[in-house]
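Note that chain A is present in both complexes that follow, paired respectively with chain B and with chain C.
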Partner chain A sequence: MKIQMKWELEDPYNLIVFMFGFIMLGITFFSGLTRNDVVFMVSGPDEIIVSESAKTLGLTLPRLGTEEYTIFALTGALLVSLMMRYDRDTRVAKSVYSLPVRNYSVVLSKALSAMVLLFLASLLPAFLAFVYIHGDIPDLIGRALFGEGFLAGYLIYWAMMVLYVVSVSALVAMLSPNTFASLLGSITLLYAPLVLKLRSLPPAVINEAFFKAYTTQFYPADRVVTFLDGSFYTGLLLPVVMLGVALILSEWRDVS
Partner chain B sequence: MRLLKAILLSTILITILVFPIEKNALTQPISGVVLVGRGMIVPSSGVALLSSNAEDGTEYTVRVFDPEIGEAILERNATGSFRGRVMLKHSGPYYFSIRTMTPVTMAVRIINRYPSVTVLNIRYGLGGVSALLLAAILLMEGRKK
Partner chain C sequence: MRWNALLFAFLVAGLLIPPEYSSGEAMGEPGYLFVEAPSGLVADIVGVGSYATPVGLALPPGNYTVRITGNVTVIVQVSVVAETSTIVRVDPNAVRDAVSGDGIVSIKAIFNESANYSQEKLHPPFDPFAVPSGGCGGASVYINISKPYPMDVEILGRNRVYITLNGTFMHIGDDSDGNPCMFYVGIFPGGGSRLESIRNVTYTVPWARLEINSTPDDLTIYLNGGHNRYIFYTPMDFYVPAIPHDVYNVTAVGYYGTIRIPVIHRLDTHTVGIADGHYLVESVVKVAPNETYHVNVNMEKIKSALTVERKAVETVPLEVRSEPSNASVVVTDGVLRAFANTPATFLLPRGNYTIIAFKNNLSAQKSVVLGGEGAKVFLRLIPANATLSLAVQPENATVLLNGEEVEVGNLTLSPGRYNLTVKAPGYITKSLEVILAPNEFKSIEVSLERKSVVEDKGIAISPSQSKTDDIKLEETPGNEQKGVFNDTQTFTTSPTENIPNSPSPKEDSRPFVIKISLLMVTIGAIYIALRTRR
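Then we have the complex of A and B:
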């Protein structure tokens, strides 16, 4: 499984998609931060203003709006379709899956490496864009990330988004007949909640849970717990179930 | 190794692309109105022009607080109308406030926006280091064969 993951992480096709996602997301995050005119209303002594401004700064950390989600979902769907469907289309998979490993383990390692790539392609440009704009206030950034507990929530936020996108695409890839269908299907499914304005599915539900947790709660631990509580079913449980179904399907379905 | 190269190359490309995007965004001034207190997150450094008008004889205090250094960068007692300017030396949050008994409105306008030296150093540093690392990796790989 480790060797399989190494193959996938070094695959040039996957890395081209990775670079596409990395650069496009970085640019979008950056231009989102430059037109930022975030304001906060608070009154009180200076300490309260300092902590409120650290919190507001934490809330400006790049997250997935409509534009960013488009690129993010496209990158995820492309990565997973390329990894899981393309080798089956080109008959390369026959030699891979005939190795003495179970099918589900190959598919799981592909899903895990897609998650690693997508996670890196979103988290690194997010921090890069943030530092390229607000790099001259290290004290406040440190206060926002550690004192206000944004780092933990932010990492969980991206992990959830990545998990959701990869599992939806993996399930579609296992069900569909070829790469094209898999790509089209997963983009449609990932995009549907955005177009239909469904507030009970990701990305809206994860975004809202994050925002709510960090604006209503005061202590970092409470914030993380509230965030997990608000997004548990659709942000964690649903993707894990979908990934499980995809793994079971991979055992049932013949490789070709 | 290819993954590392991809990350380095993307970092270099983002660093190059950031400048034209920012140049476009910096031409627009930011403006806002302060009633009692208002914090603003400014995405670049610049010059803030403050102006307020009140009836003659109204006394109030205008204050601009910088949360990064934890000090007020402007604190001025004013009577009647007030015009002032203050340098915003770094990007990030600033807190503008008016202390008064009777309501006074103040307009804030941020012009002459530019990225601060620290931010530029970070960009050049990160971009340059990634470029050098990428070059070093490519050179080593070339020599191995």
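Then we have the complex of A and C:
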């Protein structure tokens, strides 16, 4: 599985999609952060200003608004479709899947590779944009990320988003006849909650759980638990089930 | 790979280069600050002096604060740029007319050129007012209120936004069965709030309703100096604490036992700030329990009543020398004033000026027409006197001249600059600068305005709700508010007995454990399905 992941991570098509996601998300995060304007209080002692700024800054860590989610979903769908369907369309899969490993293992390694690339393509530009905008404020980033317990929740947030996008795309890819259908189906399914304004599905449910956890809870551990609790069914369980079904399907389906 | 590393290092190095800021205009080139306001008002230019309006000053470039005090207080913070006139036009009466509502006891309008008080909407991908209905409690999304006491916000719905007060018992909505939701409120400044369910409460804080509107809509609201960037835009309604008098020995039974609050302090005023860009209008509203109050600010009117304009000025030099040298010089055309010590070179717009120089009991005065390429003036100082005739209202007011108390009437003084301060109990202190020329007879009448009811009674209002820390208040209300950060509204005694049968935290976390188990079972089932199929 390790070697298969290495193949996928070094594939030039995948890397081009990674670069697309990295740059586009970076630009969107950057413009989103600069749009936030100055944050300050009309009054209040310095201690409160620093503390509140740190907290507000933590909440303004780049997350997935409408624009960002569009690019994120597109990048995820492209990565998974290319990894899971393109080799089948070009018949390369016949040799890949003839290796002495189970089909689900190959698909799982592809899904994990897609997760790694999508996670890096979103988290790295998010941090870069954040540091570029707020890096000149002494102590504030440290306090926002570590003092307020944002880092753990923030990493989980992205992991959850990545898991959701990859699992939806993987299931669609396994059900699709070719790359084009896989791409179209994935984007449609990923974008549907946004168009239909469904607040019970990601990204809204994960966003709301994150915001609620970090505004209603005081202690970092409580925040993480509340966040996971609030987004469990559609942010964690549903993607795991979808990925599991995709893996089972990969065993049933022909390679070509 | 090496080239990639070099490129990355180059990009990172680019981030480390500190931005280069313009060092501004060359020193020595003055800027001009004009304050145009109805006559009879006094403009206090912080760090410079107080002058009767209209006034113009030649000042070194920099940031200045102009404060016009009255029942409507106007504060303008502007930058004075070299070779440029900065004209501040203020009409306090128009500011007063732009603010309407019930219970408003004082108004403060602020224009701060270096601040943007508007908090832009973030359009988050969630609805901050979407709170699940049913049980007690709601969403708490931070409000940075620390004065006069720490407060937070509890949201139960679009029209049910409660401002909670630290260390008090509050009735915040009802549950789906109609039972009142009673809480002991603990607020950690900078850390959020904690609501503890209570029962058998002897006193809950009464509410008043504040309905805040503006023209146009969607302006940022600051309540008691704090704001919430996600929610507070006009129009907006709040429930705010309205405690008409101190309440002693309040008790309730909480989670850990009996909670006793020795005293809940009076809190019957709230400051409503409405902001748009550089403008912030703060109205102090006096509230009573179970009443509804309206505050409406017409920001368009405010913007026309308080303007700042800049014009380029062409200046010519005016050289002033004197015998003896090192004398104080005032150059004025009636409105514009410039100050220096001889020998001095003033850069002033062309026009007719009067030059007054003074040193100890010596003085001289000369008029000059400044045009063409400038002018040179030499003044020989000789002994002279001036007379200042003072009349004040109310008659029992204390008059200070350069900090020393003087009698009202005719005063014979040496020519020069004097700081005149008039104060009386119950009135707003007035301070202004007076320039006396040699052999001049100057008559000045000062009538003081009464302080507003709130200031007079010493009700707890933040004296500096605005971002004007550098402003020295002439009349800080003798209020009872305390330092803020460690100043809780009240303190409670340690828990005693009667530990109620509340659900334990372990029970609360049970559903999450079940969820995690469910996830593990799902993963296990998938794994088994994959392993068993060949």
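Here is the rule we use: the second predicted complex is superposed on the first by the 243 of 256 C-alpha atoms of A that agree within 3 Å, B and C clash if a C-alpha of one lies under 4 Å from a C-alpha of the other, contacts with A are read in each partner's own complex, and residues count from 1 in each chain.
FYI, a residue touches a chain if its C-beta (ideal position, glycine included) is under 8 Å from a C-beta of that chain, and two chains touch if they have at least 3 such contacts.
If you're wondering where the values come from, they're calculated on a predicted model, not measured in any experiment.
Once the two complexes are overlaid through chain A, chain B and chain C clash, as defined at the top of the document. Of the two partner chains placed by superposition, only chain B is touched by A:Gly26; chain C is not. Touch criterion met: A:Ile248 reaches chain C, while chain B stays clear of it. In the superposed model, A:Ile3 makes contact with neither chain B nor chain C.
In the superposed model, A:Leu228 lies in contact with chain C only, and not with chain B.
In the superposition on chain A, A:Leu99 contacts neither chain B nor chain C. By the touch criterion stated above, A:Thr66 is placed in contact with chain C alone, chain B being left untouched. Of the two partner chains, chain B and chain C are each touched by A:Tyr132.
Of the two partner chains placed by the overlay, neither chain B nor chain C lies in contact with A:Leu155.
Once the two complexes are overlaid on the shared chain, A:Glu208 sits against chain C while remaining clear of chain B.
Overlay on chain A, chain C versus chain B, candidates 184-192, 202-210, 238-246 or 274-282: the clashing stretch is 274-282.
The contact surfaces that chain B and chain C form on chain A in the two complexes overlap at residues 35-43, 50, 52, 56, 60, 132, 135.
For chain B in complex with chain A, the residues that touch the partner chain are 1-3, 6-7, 9-11, 13-15, 17-18, 21-22, 25-26, 28, 30, 32, 36-41, 43-45, 65, 67-68, 70, 90-93, 95, 97, 116, 118-119, 122-123, 126.
The touching residues of chain A, counted against chain C in their complex, run 35-45, 47-48, 50-52, 55-56, 60, 63-66, 69, 102, 104, 132, 135, 199, 203-204, 207-208, 211-212, 215-218, 225, 228-229, 232-233, 236-237, 240-241, 243-244, 247-248, 251.
Note for the complex: chain A touches chain B at residues 9-10, 12, 15, 18-19, 22-23, 26-27, 30-31, 33-43, 46, 49-50, 52-54, 56-57, 60, 117, 120, 124-125, 128-129, 131-137, 139-140. For chain C in complex with chain A, the touching residues are 15, 115-120, 122-126, 130, 139-142, 144, 146-147, 188-192, 194, 222, 225-227, 229, 273, 275, 280, 462, 464-467, 484-485, 509, 511-512, 515, 518-519, 522-523, 525-526, 529-530, 533.
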